[in-house]
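First comes the structure, then the notes that go with it.
Each chain gets a letter, A, B, C and D, in the order it is written, and its residues are counted from 1.
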Amino acid sequence: MQQSPDQIRQAYRQMRLIREFEERLHVENPKGEIAGFTHLYSGQEAIAVGVCENLRETDYIISTHRGHGHCLARGCDPKGMMHEIYGRADGLCKGRGGSMHIADLTKGMLGANGIVGAGQPIAVGAALACKARGDGSVSVSFTGDGASNQGTVFEAMNMAVVLKLPKLFVLENNGYSEHTGASYGIGSDLKTRTEAFGIPVWEADGFDYFSVYEAAAKALEYIRAGNGPAAVLAVATRYFGHFEGDPQNYRAKDEVKNFRETVDALKQIREKVTGAGIFTVEELDAIDAEVLALIDASVESARTGPVPGADILLSDVYIDY
Amino acid sequence: MAELTMRDALNQALHQEMERDPRVIVIGEDVSGGAGGTSGKRDAAGGIFGVTKGLLPRFGEARVIDTPISESAIVGLANGAALAGMRPVAELMFADFVGVSLDQIFNQMAKFRYMFGGKAQTPVVLRMAMGAGMNAAAQHSQTIYPMLSAIPGLKVAVPSTPADAKGMLAAAIRDDDPVIFFEHKALYSRKGDVPEGEYLVPFGEAALLRQGRDVTVVAIGRMVHFAAKAVDKLAAEGITCDLIDMRTTSPIDEEAILESLSQTGRLVVVDESNPICSIASEIASMAATKGFHDLRAPVQKITAPHTPVPFARELERIYVPSPNDIEAAIRAVMKEV
Amino acid sequence: MAELTMRDALNQALHQEMERDPRVIVIGEDVSGGAGGTSGKRDAAGGIFGVTKGLLPRFGEARVIDTPISESAIVGLANGAALAGMRPVAELMFADFVGVSLDQIFNQMAKFRYMFGGKAQTPVVLRMAMGAGMNAAAQHSQTIYPMLSAIPGLKVAVPSTPADAKGMLAAAIRDDDPVIFFEHKALYSRKGDVPEGEYLVPFGEAALLRQGRDVTVVAIGRMVHFAAKAVDKLAAEGITCDLIDMRTTSPIDEEAILESLSQTGRLVVVDESNPICSIASEIASMAATKGFHDLRAPVQKITAPHTPVPFARELERIYVPSPNDIEAAIRAVMKEV
Amino acid sequence: MQQSPDQIRQAYRQMRLIREFEERLHVENPKGEIAGFTHLYSGQEAIAVGVCENLRETDYIISTHRGHGHCLARGCDPKGMMHEIYGRADGLCKGRGGSMHIADLTKGMLGANGIVGAGQPIAVGAALACKARGDGSVSVSFTGDGASNQGTVFEAMNMAVVLKLPKLFVLENNGYSEHTGASYGIGSDLKTRTEAFGIPVWEADGFDYFSVYEAAAKALEYIRAGNGPAAVLAVATRYFGHFEGDPQNYRAKDEVKNFRETVDALKQIREKVTGAGIFTVEELDAIDAEVLALIDASVESARTGPVPGADILLSDVYIDY
């Protein structure tokens, strides 16, 4: 815990922001106002935030179908995101993308992506641009346990090594690939497979912000020193179904409850920072209240945001045609 | 006859065909689900749309095979198993995932027989869910049957009713050629009468759903139902149409379409795909080449616009051709002559 | 003007654009070659068709990037680099390899801008060699521009002359939208006059290569030259044609085609692709929808048959549309009216 | 060398057959009668033969763009192959496939394949059929060093492990991927990468028939015992260019000459079996002469074989349409 109180406050707030954003979507979703597939990130907050708190403005990240956490951790506007999820004309993507395609290029956030395994080669491409700029920037991709079996991910790993690019692979093992356990689809294990490509792996406890932060810091130090790609492997769980509405027949009854009660990322960081006397419970509660108000306001305005029309349907297919 | 959803009709076809022929196997991500899970329950998914539910308990893990997320390997697995004598029904989940598996579809399964001098057969059925209607946005809503219908060696089925879904899936499984089988997501819960027991719908035979004098309306998949709405509405006004459900886009039942056109002289084609190089274009071009002397008015192509599929409800609604659009097109061709 | 092969014209465009703009990079398998070899020579290949020869010695390894055989990652690399501000020219070697990289093409580069609310730009040029003529058989000879022209968000270039090849490649590199750039293998060694220095051919503007009264002949890529043969032969007999080289199949220059059709009333479309959902179908459908009132005879579509590309010389020769086929089609439309 | 003289004679003959077939094509090719791309296998004979001599009738193999050696080793008819390469109507594939697509399903030979990395998932599928039959059959794919970087190959490896299939991966490192050295494109190394998927690797000297035979025997024993997939990694070289006509600027001047003069597979096996007194030089020469005559006759008849016509162009697209 060698971070400054400001850093820790920021990290805590980001994690709380993700948590409240997602828990609130879980409440709003059954009401029927939110269309499409929604994949929630709750349970994995420490991973997105632990990695992104290490990043610089000029770095890039690319996300997955489960993108809200990464977007928020990277600094995307929660209100713009909420409007997008509600399909509003003033959403971050004008209502054309929705939950699965939130992006903010101005923040170096290259998008959530509905195609499992598609983001990794793209992030390798951004790493190529980073290397060309020579300013020490890196490019980060997030990859689920299930996605780790997609051929494109292996290609991306090898390519990053061959071209010796500043690329961080963050492997998030949340135990499931849709309705199937992670161990079923991965014939060996993630660490061995990644290292075999020539990529050193730093392991982290995906429920513990400090553990992820430190693993990412070491991996990024290695990368920024010009050694080529590295990886962080973090294990956690997802608190909700694969998508909103998933009955989760594949999970033991109290699995999530147990995680929530023992290793929950928010619970852990609260206990650690109050225990170490860095913040009081009241100070943290004040952050929580501020975040909650922000989410309330975001949902409120998203529910009544402007509906997109034909002009939005037909524009931006090309820049110039 | 029993009233079934398209989902259950497909499920029934799979059960019956797996019962009939031990070479039939099912392969894909979460086709049963629950493997490696903590509840101990298998068949936890039964396919993300429930189409393969119950197959694992009945036929076991050797014939109902859950896979990692590796679509190229899934289709490759089906191709190789087929070459070696099995009859795999592989699932791609969303049709959009042809992006990560196209090679095994268009350079492999489609071409083996031809390239290998007629000695190979590749009786694969590749099922995939397609279409807008769930606000699943640009990467989970496409109707890519035009792309795959263009490929020599593939057959392409696009059923619109539960009965056709059952009969065409059974026919696809018995077909010795590879078949791409498109299931429209917005039709899974739609109900209809379905014959019990063995039921086969042959490929290359369109269905004439309405008979009329004035206009030939050709439609595919979900668009068949939208077209039926428009056609039925206009019938009340005395404008009557032949409504043709293509059923398969490879082979195309040219005869049925040209025969109808020779009676009506007017053609409206409805296709949920993007306009360029669509099946709508193909049918319109057929009219311009083989049906020209019968054609009395410009063909009306009703398709989605040349844009990706948007997310928001209101955007998707105007993206997808509507019964109103079809009605307007029919009125337009009627005005012409 | 200098007389150059299409290969050298393309090479010149790459040299000039890389010189002009430091953000332009070249990526692909063996685009230079020799890396890890035992001769110590780099630029040992310069692309398997020689199009990227000399770029490595001039611009260095940071801008001319050899890759492993990983086409998805190659296109992904280009996509990501483009999102991050570079202007990559990636090479897929053979167009048939879209099979292993389609996702990065159709779900990624084509859709970023739209899905991301208009905020992304992906100025990738994806070069690929296409077409029959080298007896490279079913998996190395396809002309898949119809498949890619159908995809909203992509622009598609199919040059037929060295000058167009140069001007269109330069324009593609400067274009802020993703461009699929098709190079016909059988045209690489074909020579023609090419303007020196900066030369740009805008997209969406067809070229009118011959002017005539009787028939509109629309052709693409290598077929332009076959069509020219047929057109010139018939001109001697007094049958004169407009010969339109489409140049880009996305966007399509509708105006040029419809304008010509309004003069001639007869249409022949020549496309080396398989017939179903081809560009030939698209143009014929345009005639049936927007050009119907001008059309005086059935449209003639001249395409390859609905078969994979065969290997043997004699088979490939009858697979590819010939000047004779085109001549016969022109005569056929002339007989009709 | 615990093989019977009959086995060794057969292996020697197969290797000689491949060598003569390929060397002859190299001579015939510049004459202009052979169309398309021709990729020659000379230099790697011991690999195809060392593996295939271990196989049973019910096993399957799938090949690459460089397929002649695998086809011959699996027992495809040399004359039928030659006719195919010359594009004849009575070629193994009726002249529709050519060098890159030779297949003989009746021999369990699932085809040469023009798409690098496509064969591996297909062979995994054949392994699924083998497992279902339960007769101890296996399925074998051949993979070049260059192909080993294709995502499909990694997917195939993982899939074979997950489904525990009787699948042999034969990795042939001939030092080059077209005009690029193998070491450039492989960011780490083939053995580590393969093992990391959970696939044991037996290494072999790809110039030495006995070495390959024994490695394959061990790998196949492991596989047939129901343990899932295994791999053989063999290193050799190709004597000719990537394709016929390749000027090979990327290779040191005497590289091939050195290999030919020192470790050549045919030279080695001749020395070993004559040295061990199993066959005399004359006996081996007699085999050579027989093979040479067969190749002569094949080329002769292929040159004047029947030309395919429109019926062949248009048939076999579908079985029934």
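Please note the rule applied: a contact is a pair of C-beta atoms (placed from the backbone, for glycine too) under 8 Å apart; a residue touches a chain by one contact, two chains touch by 3 or more.
Everything numeric here is computed off the predicted structure, so don't read it as measured data.
Novice: Which chains, if any, touch subunit C and subunit D both?
Specialist: A, B
Novice: So what's the Cα centroid distance for subunit A and subunit D, whole Å?
Specialist: Roughly 46 Å, centre to centre.
Novice: Please work out the Cα centroid separation of subunit B and subunit C, and write it as a whole number of Å.
Specialist: Here the centre of subunit C sits 30 Å away from the centre of subunit B.
Novice: Just the number, please: Cα centre separation of subunit B and subunit D in whole Å.
Specialist: Centres of subunit B and subunit D (C-alpha means) sit 40 Å apart.
Novice: Give the residues of subunit A that touch two or more other chains, as numbers and ranges in rising order.
Specialist: 93, 96-97, 101, 113-115, 118, 149-152, 155, 158-159, 162, 184-187, 317 - these are the residues of subunit A that touch more than one other chain.
Novice: Any chance you could list the residues of subunit B touching two or more other chains?
Specialist: Residue numbers touching two or more other chains: 67-68, 70, 72-73, 96-97, 99-100, 103-104, 107, 114-115, 137-139, 152-153, 305-308, 310.
Novice: Make each chain a node and each touching pair an edge, then name the shape: line, ring, star, complete, other.
Specialist: Basically all the chains touch each other, so complete.
Novice: For subunit A, which residues count as touching subunit D in their complex?
Specialist: Against subunit D, subunit A makes touches at 149-155, 157-162, 184-188, 192-193, 195-198.
Novice: If you look only at subunit C, which of its residues touch subunit B in the complex?
Specialist: 72, 96-100, 102-107, 110-111, 114-115, 137-139, 146-147, 149-153, 250, 252, 267, 273-274, 276-285, 287-290, 292-293, 295, 297-301, 305-308, 310
Novice: Residue numbers of subunit B touching subunit A in their complex, please.
Specialist: Interface residues on subunit B, with respect to subunit A: 29-30, 33-41, 44-45, 48, 66-73, 96-97, 99-100, 134-140, 305-308, 310-316, 318-319.
Novice: So in the complex, which bits of subunit D are touching subunit C?
Specialist: Per the touch definition, subunit D meets subunit C at residues 35-37, 87-88, 93, 95-98, 100-101, 113-118, 146-147, 149-152, 176-187, 249-253, 255, 307-310, 312-314, 317.
Novice: Which subunit B residues qualify as touching subunit D in the complex?
Specialist: Those residues of subunit B that touch subunit D are 25, 62, 65, 67-68, 70, 72-73, 75-86, 88, 103-104, 107-108, 112-121, 152-153, 155, 175-177, 204, 251.
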